[in-house]
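In the two assemblies presented below, chain A is common to both, partnered first by chain B and then by chain C.
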Partner chain A sequence: MNDPLIKRKTLIFICLSMSMVILPHLTHVPIWSTGVFVGLSLWRIYGHQKPDLLPGRLLLILVTLGLVGLHIVFFGTLFGQDVGVSLLIVMSGLKIMESRSKRDSYMVIFLGLFIVITNFLYNQEIILAIYLFAALLALLACMIELSAQAQSPTVKQQLKLSSILLLQALPLTIVLFVFFPRVSALWAIPGGSSGKTGLSEEMSPGQISNLMQNTDPAFRVTFRGEIPESEQRYWRAIILSHYDGKTWRPNQQRIQSLRSNPRRRLADPSYYKVQLEPHKGRWLVGLDLPAINPAVGDAHADYTLRSRNPVNELLQYEATSYLTYHTGNISRIEYQQSLQLPHNFSPKVRLLAKKWWRTSKNSRDYVDKVLKHFNQENFIYTLTPPRLTGDATEQFLFDSKKGFCEHYSSAFTLLMRAAGIPARVVTGYQGGDFNELGGYLIVRQSDAHAWSEVWLPESGWTRVDPTAAVAPERIEQAINFEDISDTGEILFTAGELGALADMLKQMGYGLDAINHAWNDWFISYDSELQKDFLSRFGININHWKDLLWYLFAGVGLVFAFMFYRLLNRCDRKVAEIAPSLRIYQQFCAKMAVINLSKQANEGPSDYQQRIIQRYPELDISVSEIMKLYIALRYKSLHSKPVLQQFKQRVAEFQPKKMIKP
Partner chain B sequence: MNEPIENILKQVSQIILGKDEIIKLALTALLAKGHILLEDVPGVGKTTFALTLAKVLGLDYQRVQFTSDMLPADILGVSIFNQNAHKFEFHPGPIFSNIVLADEVNRATPKAQSALLEAMEEGQVTLDGETRALPDPFFVIATQNPTDQIGTFPLPESQLERFLMCLYMGYPDSNAERALLKGEDRRHLLKSVEPAVTHDELLQLQAQVGQIHASDALLDYVQNLIHFTRNQPEFLFGLSPRSGLALLRAAKSWAFIHGRKEVLPEDVQSVLPAVTRHRLFASSAGHASNIENLPQFLLSEVAVP
Partner chain C sequence: MAEHGTTLSHRKIYILPTKQGYAFVLLLLFMLFGSINYNNNLAYLLTFMLVSLSLLSIIYVYRNLYALEITGGKCAPVFAGEQARFVLTLYNPKPLDRFEVMFTPKQRPVSNIIHIQGFQTLTMTLPVQTHQRGHLTLPALKITSSYPLGLFGAWTWISLDIDCLVYPRPSTEAPPLPTHQAEGKGMATQPGCDDFLGFRKATPSDPPRHLDWKSFAKGQPLMAKQFGQQLNPHLWFDWSQMDDVNPEDKLAKITYWVLEAERQQVSYGLQLPQMKIQTGHGSYHKHQCLKALALFNVHRTGDSRE
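Our next item is the complex of A and B:
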């Protein structure tokens, strides 16, 4: 291979661009993986001047095998998202180490382009997209630098050219984006081990409080009408009705259709669209009480919504909720499930429940009694409650009296059950901030909440939030975590935020609105939206295979347009070419056959001399042809007969036969 | 080749040995009514060259040695009051001759330089409110020392452009050197040289150069060359329209010397290095600094249409 070696500057460019691409992966792969990449790149750059310092082929192979082994040891497998990305990064470092020629460097850049895509497996926010766009520009600039001849263009020119290239790719990108079939089953991402966590499917103390430290968005909601009051915005996600003494879990037999209970009465509908961030579980959120089947999932008898597939990607769905509801009778199974108590249930708590129950007129009265107890006894809401040993409920109720929503809802539900009132724990989110810029409600992980639901004969399933009994302010607004003192006690002041903080908050809303729009327009563009969008243009898609026709037609159209443009450009050139020049080009082509092609910057008389010097036997015919050509082209002789003569001479000219071997 | 031209070249090359290309280019410039900038170290025969040209062409010759204390009057001439006649009499300076050898132009101050350069451009001199035409033909051969020497005033680009060509004399090759060492003193030999053309014939030759045909195809080529210098980052700035005209004029003259009535791309290529050498500057940005020879780079990159 006589491929030229790459220049040091080019090498540094490539290493920098690759680092740009790899940077967002820092949090996804082990630190040694990126460390290996950086180390290898630096070694390669350093070794450019001192090739003796570069490793030999054997050493490289050993290092490669060693690194693969390291991956197997560290990850336990070679298959999967994280290990794949880590391997890609390490291998691209090795490829840089190995690259001597242009061809190798192209390989590195192709690897980089692939790594660009892998970034989207972890995060699809617009910030990342913009950043990776810049990285893509850098990679393209590297390609331009590589393919430049002796005179490499300036960085500015390279970036300009790569921007033009990307712009030219835009029509094709749009066609592919709009028409490419979104068949999720074909390329669903198997859930990686990392990623964002959401609400857990079970509840043991401490789980939600961890979530509450996290201000990442959980989901965003756009209402079609008025937005319900904050007190009414209980977003139910999971019903937990089985308690084993430590952990609340959903009941296994809950997969029943909502229609199984025909006696419910609903009013005050609210229509909204939810954009749910991925959380890897199957639960969907719905305002109390969601009532229709969203397209993506099912509604269950416990009035929760469940997705058919794990929510690994941003999910958008529409739902309707009824703010006023009466669920009617309780089913037998539900009744049994809602009275379940662990077999080693604390007798002390049972006794307390009995005592209260005896003095209560009815269930409602009993509920009020318990809430009053939470309110008037010295119960404290804190995110760092003391560690409970032994029976958690008993300790919480009688000793520590410190806890947060999990403790309160759990204790409340158990007190209900001990008195024979069907009750269950509901987890989900409560409240949310309204983003005025985007016109939607944003609910964060820190809005995660747990409350209780009791079944009362007069009102059916009724929501009771025991935490509200302790600290009613908790319902009014979200906790400002800067206000948490070191002891973890939350000061429920409104928080006199300065103007700066206010501005920052506004900016945060602005950024989030951009993200929301990005999600709305691009990320959530799935098969449903695709169908919807295309139907607006009169294109009806019944099966994804229908899309292929449109896809091919669209791509074909783009290519046809590009081809037309190119052809047009060639055409213009052909039109400009004088007939004499075209004939001269034929002559040059004939000479090229005998390995004496015209140099681009060679005039006719120089060329003639070169030909005659090489093949004196061609003197007469070549001289005559040249004389005619010069006359036509440089003496501006406009004579048809001369042109004819020139054409004929060139046609007759057979250098291959005339030259002596 | 034209007979008088052939005659001139033959005569000059008898005195100036082994420099046929330079002689041809100098004659090209002269017939194109342009001036020459000779850049070279002393002693390579610049003066002899100028003298020979003057003699062969039957022209008169003056030499001006530029110094830092020189004044414009030293070049252009001065009016002196004549006591007897009671009026001013103009004493023409050395510039009033057909061939002027301006030695070491960049030794003089810009004031003196511009006096010469203005005269070159206008073909006339205005002194004391009176305009005096310079003789025709008027041909300046200026020499320049390497500009990094002490005590030089480099000519600005705008004035450099007034020279049609910039030539390097260069050392003679070994054959020519040997012949030079063996033979008679050149200045002595010069006495035996006869004018090859008359004054009128020379003016006629100059007129004929203007009639050489440049086809559209050729103009395309010239334009491509100019555009290339304007669009590529290697060049600090592109060739000016004046430079384009100079290139075409020189190419026509070159074609004429070679006995053709039309300009070929080769003519442009032959004169281009001399015509653009002092007009093209490498830009400091980009990678131009490693281009040794900008004119050659230009020629190698632009295709003949």
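Our next item is the complex of A and C:
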């Protein structure tokens, strides 16, 4: 059978829905890719009335090949996430250009559905999910429009129907979502999937301060007990112990730990659950000194936790940490690593260290001396330190004296090493806001921080935060970035927020609490959570095949129920209006007596009009009867009094007596 | 089983994916594969939502046909070669709107698409091309619907027992009325007198002033004006007097004559082998004659289809 050509209205509707789906991809694909889509769509719509202006098959094939070539040139490959999405967008434009019939248009919509799913690879936030499910409604409405080309319902009706369909599909969707067996990835995922970045594995000046402008959440923590004070909340992520004169890096040989738990625990540990945002790297955060947790990842001798796979999706894990501890002896290899200095280490700095060391009683005293120097010698904490040329450490210590946590921790660690005290740089996050609505702590990228760790004979590895010596407020409260002056000097202005700002902050907490719950319940649902969740209902899953039985049974039951409900609901409605229908038939019978019977396909208003035209004297009574009937029948007004009134009016109605001969 | 009316709930309604439905299944497989691979719960959610929607659409397409009542109506007789117009009455006994229900007669390319609201009665005319005189039974009807998503199509077959009488195709050669065979007086009319009775084909014997030169000048065949008194004329169309070999040609000629005689308001009678219809005129008489011609040598069963 020949498919009829699609209507212009349908075409425009499809193009708009497709644009809705493509919109969130704007930042992921080159601008020309979406440009091609928009251009082709507009051309196709314009050409609907003037088919001569549409390109021929040959031209279209050439354009397609050209665009594929452009992708190869631009991306250097045809495989990968971004290039795939870009190709999908361009292809849907070409398919729109090519589509003449209903079936072509279905293919466009299917491409659109696929583009929806690719959006989720970049971002799984609830806002995007809501937006894309709205876009799904539009695509469904397009499908309805296509399947009813003869007498198509209005756009409003289509959107209403697609919403109803979506709601009715919900029970089945939930069954499928809950019971579908979750297995691990089929193959390694090429490339990173998250567009977001987190803490880098290296530290060179400027890296962390870039991150600090970013207020995106880095991770969220729910504590099982009391929440430690802000100045205790140092979230360890990466240990950097190798310095090449410019950049701090982790040591090449990481030592798998056998003795990661501190020797002497001086207080009860803290238990908490972390919800870590994807960051592409493998580091995991742990509060101060986390204990070994093989369920999450590998523990290292430097007390960091590392994931076995890159953290490309939201990751949830439980951890235990010690806030007061004694780590005991240092291993030989650790000792060597923690004293490493670059070949061209500044003699001036070395001399300074020697001078201070000579006047110090012990290591602890030396540490205090250095901190005192930072505190008293006019060092300034700023986000925009002057560019350093030559030896960065020397310049920072003697000339500029302006810097950020990375400058301070770097300089401090080097001063320690120069004096023979084992020391290393720790990067991670510090602080975090408590979200009262959600009952959890939120730590943002702007809380990124770098500090130092020194090994002292009396306390083992000991945390020292040189930044705190310069700007102790940094540790006690977060930086208010709106208040950073042009010079980059940081003002700490907590407690001076206006009412509006306070309200905005509360709203932000509310939104984040929603995101947290969304992540907690939905995004992180995996085979483990599936097991847990189902066991709460007494369903124990030993093997993923067990799930299939539940899945099929659940789908079958829900489908049968929906089938019954959808057919039965009509029947119930039929029963509801049956009495009014019966009375109406009585009325029609009375009209038939005066030779004015209702015609088979005549609605009440048409019939009324015909009666009044023939017998104007019946106007009042017939109008009233019809009004009642329409209310009962079509407006689903099922009240007993109205039905009674209708019955009475029809009973009283005597057309034979009322008409004039 | 043919019957006069039917309710679709009592019949088997079949459901299968449409062409685009199969493409959609392929898309869902791709999506599921992606969701598993990326372990992405939103992707899972979307995939499962689409699976559920397509399952739901099975119920919807079934419901579109379910309980629809179809009654066969009348079909006015037509001449062979014309379109028989079968009238069906549909009743929707449920409160739901049914969009896009398609009726396709078997082996016919044309189909009717209807939209019927809740509790509505609708009459629908199905045109079917005729080829041969006799009875034409409405071919089996395929009723289909894939609304609202177009992913699954439901269909059912019904055959309703409605006939259309198909008259023979009138001869296109326009043979002259068999005047010489007229009973009694030579012509049905008494020529030469004052009343203008109408036109007939000119014969060489017509006086030139009776010819309709005006329309002849416009390129139409030469007609003669007939004058005279109406004399209750009758014509006899007698099968045995015709020299055509093919009986269908004879029937075509007689059909033409019936129409022509009716047009000229001349009484006529029919003399077929084994059947005689007395002279008369008027639409009922015409129908009787044409029906006799249509069913001449047609056996009631079997021959009605092409």
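Basically, the second predicted complex is superposed on the first by the 517 of 661 C-alpha atoms of A that agree within 3 Å, B and C clash if a C-alpha of one lies under 4 Å from a C-alpha of the other, contacts with A are read in each partner's own complex, and residues count from 1 in each chain.
What we mean here is this: contacts are C-beta pairs under 8 Å (C-beta built on N, C-alpha and C of every residue); 3 or more make two chains touch, one makes a residue touch a chain.
A quick note: this is a predicted structure, and the numbers were derived from the prediction, not measured.
> Is it chain B or chain C that touches the larger share of residues in chain A?
C
> Per the contact definition in the header, classify A:I144: touching chain B only (first), chain C only (second), both, or neither.
It touches chain C, and chain B stays clear.
> Just checking: does A:A578 make contact with chain B only, chain C only, both, or neither of them? Give me first, second, both or neither.
Once the two structures are laid over each other on A, A:A578 reaches chain B alone.
> Quick one: classify A:F396 as touching chain B (first), chain C (second), both or neither.
Neither partner.
> Thinking of the overlay built on chain A, is A:T154 touched by chain B (first), by chain C (second), by both, or by neither?
first
> Now for A:P604: first (chain B), second (chain C), both, or neither, which partner does it touch?
Only chain B; A:P604 stays clear of chain C.
> In the overlaid three-chain picture, which partner chain does A:W248 touch, first (chain B) or second (chain C), both, or neither?
neither
> Pick one for A:I630: touches chain B only (first), chain C only (second), both, or neither.
After superposing on A, A:I630 lies in contact with chain B but is clear of chain C.
> Do chain B and chain C touch any of the same residues on chain A, and if so, which?
On chain A, the overlap between the chain B and chain C contacts is residues 151, 153, 581, 600-601, 603, 633.
> Help me check something: in the complex, which residues belonging to chain B touch chain A?
Per the touch definition, chain B meets chain A at residues 213, 215-218, 233-234, 261-266, 269, 285-287, 299-305.
> With touch defined as at the start, can you tell me which chain C residues reach chain A in the complex?
Going by the criterion above, the answer is residues 19-20, 23-24, 27, 30-31, 33-53, 55-57, 59-60, 62-63, 66-67, 89, 93-96, 99-100, 109, 113, 115, 119-123, 146-151.
> If you look only at chain A, which of its residues touch chain B in the complex?
151-154, 157, 578, 581, 600-606, 630, 633-636
> Show me the residue ranges of chain A that touch chain C in the complex, using the header's touch definition.
Residues 1, 102-103, 106-107, 110, 113-114, 116-117, 120-121, 124, 129, 132, 136, 140, 143-144, 146-151, 153, 161, 165-166, 168-173, 176-177, 180, 182-187, 189, 193, 313, 522-526, 555, 559, 562-563, 566-567, 570-571, 573-574, 577, 581, 600-601, 603, 633 of chain A touch chain C in their complex.
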